[in-house]
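As structure tokens, the structure follows; a few thoughts come after it.
Per-chain numbering from 1; labels A, B, C, D and E assigned in written order.
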Amino acid sequence: MILKLEKRLKGSEGEFLLNVDMDIPEGSFVTIFGRSGAGKTTILRMIAGLEKPDRGFIKVGNSVYYDSSAGIDLPPQKRKVGFVFQDYALFPNMTVAENILFGMEKPDRGFLDYLLELTGLEKLADRKPDTLSGGQKQRVALARAVARKPEILLLDEPLSALDMETRKMLQEELQRIHRDMNLTTFLISHDFSEVFRLSDTVYVLDRGSIVKQGRPEDVFVQERLSGKVKFSGEIVDIKREDVVYIVSVLIGNRIIKVVADPAEAEDLSIGDRVVVASKAFNPFIIRV
Amino acid sequence: MFDQQFVETIFLTFRLAFITTVILFFAGLPVAYFLAYKDFRFKPVVETVVSLPLVLPPTVLGFYLIVLLSPEGFLGGLIEKISGHSLLFTFEGLVLGSVVYSFPFMVHPLQSGFSSIPPSLIEASYTLGKSRIETLLKVILPNMKPSILTGIVLTFAHTIGEFGVVLMIGGSIPGETKVASIAIYEEVEALNYDRANLYALVLFLITAFILIVVYTVNRRFTRAQNL
Amino acid sequence: AASANVQYALKELISDFGKKSGCEGVKTVVASSGKLTAQIERGAPYHIFLSADMKYPLYLYRKGFTVEKPRVYAIGVLVIWSMKGIPLREKGPMVLLSDDVKRIAMPNPRNAPYGRAAREYLSRIGLFDKVRKKIIYGESVSQTSQYIFKKLVDVGFTAKSVVLSPRMKGKGTWIEVDRSKYSPIKQGVVLLKKGEKNRCATGFYRYLFTPDAKKILSRFGYITDEQN
Amino acid sequence: MFDQQFVETIFLTFRLAFITTVILFFAGLPVAYFLAYKDFRFKPVVETVVSLPLVLPPTVLGFYLIVLLSPEGFLGGLIEKISGHSLLFTFEGLVLGSVVYSFPFMVHPLQSGFSSIPPSLIEASYTLGKSRIETLLKVILPNMKPSILTGIVLTFAHTIGEFGVVLMIGGSIPGETKVASIAIYEEVEALNYDRANLYALVLFLITAFILIVVYTVNRRFTRAQNL
Amino acid sequence: MILKLEKRLKGSEGEFLLNVDMDIPEGSFVTIFGRSGAGKTTILRMIAGLEKPDRGFIKVGNSVYYDSSAGIDLPPQKRKVGFVFQDYALFPNMTVAENILFGMEKPDRGFLDYLLELTGLEKLADRKPDTLSGGQKQRVALARAVARKPEILLLDEPLSALDMETRKMLQEELQRIHRDMNLTTFLISHDFSEVFRLSDTVYVLDRGSIVKQGRPEDVFVQERLSGKVKFSGEIVDIKREDVVYIVSVLIGNRIIKVVADPAEAEDLSIGDRVVVASKAFNPFIIRV
């Protein structure tokens, strides 16, 4: 699909021009990454037809969704997108099941059951959204967007309110859905691991412009080493033990304890960002 | 006590109120929808026009309606040409009069109901491929129940109580255009207070019954959260 | 306070009275007799009540709101009026039966004396049941007159004072109906207790029965005592 | 053309409408607040009672008000004892009558406005230490503007047009209780159509002007998003 | 502060009892961690007085907020809490600045400017919330909650919609605020690093019960090693290079490339969760 969009936005540092130009193979999984207010949501909204670019062109498969020069602007209904909104936008008058069913072109009980199971909401099927927890709402929003069997899936931080475990599970499901239904998927996420796990291509957006793009590992990884290793992390604890200091460094969700001599330790304090490196590192892999 | 004419009059009254309310609901919806969701230069003018029937005393409004509907009037002539008879002094005429008079009572609450719906709900429905109509029916209307209720109750009750317009264009023909409000009026004028009270009481009781049922059902569905 | 149909005459009466007595600016409150009666009963600050019939003044008298018994200050005259060229003059009341006359307006007999008179008249000449389906009831004489004047009905019954009023004079055709076929529409007046102490009120009340007043009233289509 | 009485009457009309609207706004607010945010067993009954004044023809309502307010009536006696004079046939009486009659037109829209406020906003305000009153004034009311507008416009316009109650308990005393709707009624009754039209026109124009200003200002603040 | 709460909730696997008993030193930073729907938000709502426990006792400093046996139930207004709601709950009728000012007991321009700067919203001060991006809204919500200078700060996923960079910055600010104002702070977060960085104590909630509690490193870290290292991660790429395979493993936001021989590689596929271990690991720390 081809995406050329221009729109003036007012951001936290004054006006700026959202200006993107993407050519995305059908069926790929694209992440838009960037700071708060960079224009990520706005891009998805323009794809869905909820916002109008000042100028631009959107083509999906053979159908032109939008073309400012030709005056084409398909209404949202004609664009086959599934949108998970940042604020969920669940219908308060419908139960969880009805919200999902509403997303379908024709009611498909089997698919509904599948989606409910997928998102772990079976027992909540008859509840109204008002009484759900944040994460539960988010899962309903996801199920509803998928229910439509769209051509393009637009995910605006679809898993941000979920715990790691549920999130991992849904990431896998998202991947499966993406593959099985051959969807072109756009993801907005601030979570590195999510971006790595899921996406083929990452676009890094800054104040409306794409500043980097490519495969996740190309975009995010500066160093490539195998014999040597470097982790950046943060000191969470420094403890004296006999004559040495034990420095605890948080890396990812792990703590590494490093022995440091007093001279080294003097320089360090809790909260410092540090790199833990090792010259001799012979990693091996154990499957879990 | 409840002679045939009495029953007939009461029945006619509720028939008028019911038909008027139904018509107004369907006529008011598109207008309110339009006013709530479209923005255009002359919107304040249109909104003003919608409210203006209220400003005229009902009898005067009735008077202008007569002028308009009389066979020599523009509309009246047209209607007579098409349907072969005039609307004046008929039940249909009463319905028309009540519809005109109660228009703002339906449109205003609906309009403010429409504006209270978060736009993101409507957008969500659109992205799910639902047309405007389907979105209206399944997403917007069910989420503005208090406003719909307001519109319907105001219109219904108001049509029952209204008598100025009806008095003017109805002609008080028993069984056709003599509704309870006119009957009560006549009885009061004739100093038959007992009978007026009886009419008023019956009207009161039936309406109170209908409203209590409506409100109870409504309470079931939309419980207030004690805040 | 005065019921609606006397107000044209009333205006003249007041200005004439004003000139003669120096009581300028007698104010009138116009509404239907029924409403005015209900108001007076509850202490409305009116001094004189000119009704369109005797029923309401008598009612008030019995309830003790008046200084004395109601008196008849004028007798109303019923007319049939048409703006649609129905040949009233030529054919008389029987024209009501013809197919050209589809709708007949009359004031509501329940609360308007002219309506009662019209119904009585039609019954006496044996037409009432035959034209019953054609009848449209106006709330008052003036509303009935509107129906006739706006040509919403083909003919209608109204007060002579209407067809002689400055605005309606010479419009359409009208005939007086046989006065012996309906009971006289006696219009009563009472001096209310609230007006007992008021010089102008008592003055005006007395003035109503002077020849000057009667002249004005008869000019407006009422019959006054002498002529009776 | 515009003699003194004419101006006086028009002025009185708008004064009545204005005072009635202001009173009703403040009287309707607590009732609507209560109905929207409290849930109790007999709520449907209370809601019905609020709607019932509508059911009676205005003149009849006026009639009952007269009975109630007359020095012999329960309320009238009380008022006379306290204030030394009766409310009947005074401007204050008119205000009272209009307030009673237009009550549902204010309460209903406000109530549905209250229910359209997301509870989380109210909770947020409470956790910020704001009292109910402050929350009402600064959070709830500013976010239900369309409903407030509906209530005010319906009440205001309706009070201008209403004449049944006013006719009954006012007594059409020039400068005191003779408002435009009654003047129009009287002129029509007197077959002075020209003057009736003139009254109606002036009423129309002034109200239209007020409403257009209101709606234009309102549009500034709450622009519809063309959905 | 003492917290004893009991309440029946309906969750995604049927009814369960929320039942917690915490004794928290004033001024500490507590994280509640747990799966979606476990009852985290409900606990905060009960502390704030927005929801009523079936039974319980809440005491902060010397004031009893709630005591079911004594019939005490302070209204939310009387509890000095600052709440960042999961759905922000910004006032649509007020600008950003007004929202924040509304939180203050008396308007304090200086403090407002400080908060605006803190959250990077200076340029957006006069905008209405409707026109803000998700992350911008979240920052306003945070600023507003702090504006009140509360005794207790309740943070329901306050940074979930923010990019790493902004998030890190605000985490540091939160820490500063916490220290400077000596606030007792409750945080709900699904982000390990956030939890580690910020909190003194973590409570892990599962279906209404506290299943683990303690310092973050005690709760989350199972292994403590210094000479040996193990990282769990996920395979994101397997590439053949000459006779060996290069397996890229995503650990945290880092990619580690590990050399594997064909026999090993046969067993592995993209998406597998693995542990990368090394026997010889001599870490040293470099400050950055």
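Observations, loosely collected:
Here is the rule we go by: a contact is a pair of C-beta atoms (placed from the backbone, for glycine too) under 8 Å apart; a residue touches a chain by one contact, two chains touch by 3 or more.
None of these values were measured; they are calculated from a predicted model.
The chains touching chain B as well as chain D are C. Centroid analysis (C-alpha atoms only) places C farthest from chain E.
Remark: chain C and chain D have CA centroids separated by 36 Å (rounded to whole angstrom).
Rounded to whole angstrom, the centroid-to-centroid distance between chain A and chain C, based on C-alpha atoms, equals 86 Å. Distance from the chain D centre to the chain E centre is 51 Å, each centre being the mean of its Cα atoms. Counting partners per residue, chain E has 87 as the residues that reach two or more other chains. Within chain D, the positions touching two or more other chains are listed as 59, 63, 123, 188.
Shown for chain C are the residues in touch with two or more other chains, namely 35, 38, 143, 146. Contact between chains, per the stated criterion, is found for A-B, A-E, B-C, B-D, C-D, D-E.
By the touch rule above, chain A contacts chain B in their complex via residues 48-50, 75-77, 79-83, 85, 87, 89-94, 102-103, 105, 144, 148.
If you check the complex, the residues on chain B that touch chain D are 35-39, 43-45, 47-48, 51-52, 54-61, 63, 104-105, 108-109, 111-113, 115-116, 119, 122-123, 144, 146-147, 149-150, 153-154, 157-158, 160-164, 181-182, 184-185, 188, 196, 200, 203-204, 207-208, 211-212, 215-216, 218-219, 222-227.
Every residue of chain D that touches chain C in the complex is listed here, in rising order: 59, 63, 66-67, 69-71, 86, 88-89, 167-168, 171-174, 186, 188-192. Here chain C touches chain D in the complex through residues 4, 7-8, 27, 29-31, 35, 38-39, 41-46, 140, 142-143, 145-146, 149, 162, 165, 167-168, going by the rule given at the top. The residues of chain B lying in touch with chain A in their complex are 118, 120-121, 123-131, 138-139, 142-143.
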